[in-house]
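Chain IDs A, B and C follow the sequence of writing; residue 1 opens each chain.
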């Protein structure tokens, strides 16, 4: 491959590269949300978790000099904030969605407040894996320069799909989500399972946040997240609560987000605002197409208030 | 949210008062405490912070007007959450409705010549309300006819609306004279919404208060509003009774969206004079917060909006005097919201507890009637059952 | 944290800013020493930023200038950041006037001018407002309001000259927020500077849509790098992401607003920086001595409103010589960037042969075209 790949080939490559670059945080957040929702709880606060853990990851890496410690710190903080969500929702009479929005605000507020000193400095970044080294073309090399977290995410998706279907823990989580009565009859505390699942979901989302601030774009900034946490909720519905489909959806969204700049770089500049809005339009169209009032969303955990 | 069990006559008034007023107030006090602790960890004096909060929000005439001004749009965007919620839907797309309302307000003169007086003002505000109503009604319709979850669809629609808005303002609708800040053509002088004579607050405040009062009257005083609440309380029962759920729900969404759209229109007509990116500052999202704290009661929205307006106004002073970052207001709001939600869990518990105590102890010792004994045992059994659930 | 500078170890942002401020103050103090001799009246200045004041970009450039003023006797500064361009800024300004006693305000974001500053100015005729970038018009605006701006496109031209020397692929890139005249002027100056070295250079432009969108900016940088662009510059509020992303791709970058050299010392060629302390001092002096408020201030390299960053070590001698020569001509007011014949990138002639547009020409502040050689559309 040489520098005279066709114009559309260029765009396609850029979209592929973008899909992985931008899609990695989507992947982790949607896997986390998938786990949470499988247990019957919806967590809209992942946006706040994402932002707070991005800041924590950056701070951790800056203070310790190691990006991986930053990732760990981010995941830990993400789990904490999500645990708060789980605990609040387990109280009687507390609305899932309201709590999610509250945590979104609290997480963002804390992140912006504590992150003020972090806007300027640089922190150690996560390593990149050069999966494109076999090619001579710089475009292919760049497109296949993968975030080290991405393969972890892929393995995680596979693992989660297998575990939910084949292990006892997976069964308990699914029971809590599909039929809380059955879980209770078997002696499991539904609240306990949901709190655990929400916390674990926050842990995963925290890794996604770390990917934003420690790899791409690799900086802490108050505009870092543009609703990715909230989109992840839509992603999970789009993927029908299947972890492997979450992987595909995350790539799709990452690619859609990269389309705008990619087109502009080859000279097609009209309507870039509309291109920026494309991932959201895509999600909405897919939701409209696949939902139906007659039957409940296939695959939706019964206890989740999403299907009517 | 469960309705409190009916307590005995003498305690019922106090219990309701506790649930509806004392609990939120305690939650707010708690959030102020948390905030003070947070500030103290950062090296500033919490007492000073509280004093500045109060001073910045309600300290003098300037602060009061600052607060009221900020509260005005919040009252309207909160309606966008409250009214659909009463119909059973959780809509959070007020931001999108607001920007489209602003665009419609600024865009109406592009379609035809708007009279340069109060009539013109009414027309552009009506246009903005209609634009917002259409957008949220769309979310409601998607929910009713396609089963799409309205929280997510309204959120996605909100992002779409912002994209459309930016495209319109910077592209086809752009005023060529607005060079470095792409905006639509400014509204003519006579159409603008002015200040309330003698004050530094614009008429949008009055519109907001009137809208909330009217919404409350509709909800609690009209048949239509009552029907909407029935649909919101129990959809299946409503269907059994034969209420036209689809129409009621979509109407509620349209009314809420009209509120948010109106907020956008007022921002354009009273503050900016044209539509541009300065409209997108999160008023819709703060409205969600206000609505929840007010428990989706339009009458309670007015004082809660004023409270949140006060937070915003005080945040300015906190930045200037204590050197605290602007995000401190976000943190305070976050704490307030979380604690108020947690306080929800205590709702009804006081009533239960008082009732159980009253029932456990017979009226006169040794003269418990069989009815009282039955009542007491029934209550105990219900409590045990509830705890097992 | 923000309060209590001793709390954080190993974080020297405040020291660094203080250092810069002291340096700036020292440099500019000379000519104003005379003015200061009889201008000790205490004055409170209000600073209003639209974003965070340490964003390595626009807001930081104003913050640094404010800190330079802070060191001067009798000067007190109150500041608010992240103030949106809505009613909120009016209330902020009024609060600074009523509650803090500020008599000189610097609302630094473009969108504050109309209607916000004008509204507050109407109600406070004794307070001076100095707006950055606004088009003050004697016929329309009160005398207590003024605007100042710098011809930073001169520095972008110099950026372009260096970029022209350093690019191997003959493709340079510009990542911009919105296609407004100030931004277009920078894009055009950058391109013209590069083309003066190699006439067949092309400059690809990507508009992200808003002033601060880190993910989009990173994506734009990567897209352009994929296309073969090897020198970047930008016009966004916070250039940090673009500088770091370009450096990570092994490309060169020219900075903007403030110096981002520390972020990528091996990739940073040079930069176009604001030197707001120059107009700030003039405005402050007028306020302290009771002279009329300067209403319309514009300046370029010659007046000291803008400056260039030192060259990176990788810039070769030949490039430096040429850029320095152009700079010297600019300092003597002998160099014009926008002169005929100038065509835009659709082929239309914008400036006919023989015509010259001086930097002070107000028509330039309404620029709405991209010059030949720029790949992109408005």
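In the analysis below, a residue touches a chain if its C-beta (ideal position, glycine included) is under 8 Å from a C-beta of that chain, and two chains touch if they have at least 3 such contacts.
All values reported here derive from a predicted model rather than from experimental measurement.
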{"item": "B-C against A-C, pair bridged by the larger set of C-beta contacts", "value": "A-C"}
{"item": "Most remote chain, CA-based centroid, reference being subunit A", "value": "C"}
{"item": "Intercentroid distance (Cα basis), subunit B paired with subunit A, Å", "value": "29"}
{"item": "Distance between the centres, which are taken as Cα means, of subunit C and subunit B, whole angstrom", "value": "40"}
{"item": "Between subunit A and subunit C, centroid-to-centroid distance (C-alpha), Å", "value": "36"}
{"item": "Set of subunit C residues in contact with two or more other chains", "value": "1-2, 82, 209"}
{"item": "Junction residues of subunit A - those touching two or more other chains", "value": "116, 273, 276"}
{"item": "Junction residues of subunit B, two or more chains touched", "value": "166, 170, 325-327"}
{"item": "Complex contacts: residues of subunit C adjacent to subunit B", "value": "1-4, 7, 78-88, 91-92, 94-96, 98-100, 110-111, 114-115, 123, 133, 135, 178-182, 209-210, 365-366, 368"}
{"item": "Contact set on subunit B toward subunit C in their complex", "value": "42-44, 62, 66, 69-70, 166, 170, 179-182, 200, 267, 271-273, 276-279, 281, 312-313, 316-317, 319-320, 322-327"}
{"item": "Residues of subunit B defined as touching subunit A within the complex", "value": "1-2, 90, 92, 142-149, 151-153, 155-157, 159-160, 162-164, 166-167, 170-171, 285, 288-289, 292, 325-335, 337-338, 341-342, 344-345, 347-348"}
{"item": "Of subunit A, residues touching subunit B in the complex", "value": "44, 84, 88, 91-95, 97-99, 101-103, 105-110, 112-113, 116, 227, 230, 233-234, 237, 271, 273-274, 276-277, 280-281, 283-284, 287-288, 291-294, 297, 306-308"}
{"item": "Residue ranges of subunit C touching subunit A (in the complex, touch as defined)", "value": "1-2, 8, 10-11, 13, 51-52, 54-56, 82, 204-209, 212-220, 222-228, 238, 240-241, 244-245, 248-249, 263, 375-378"}
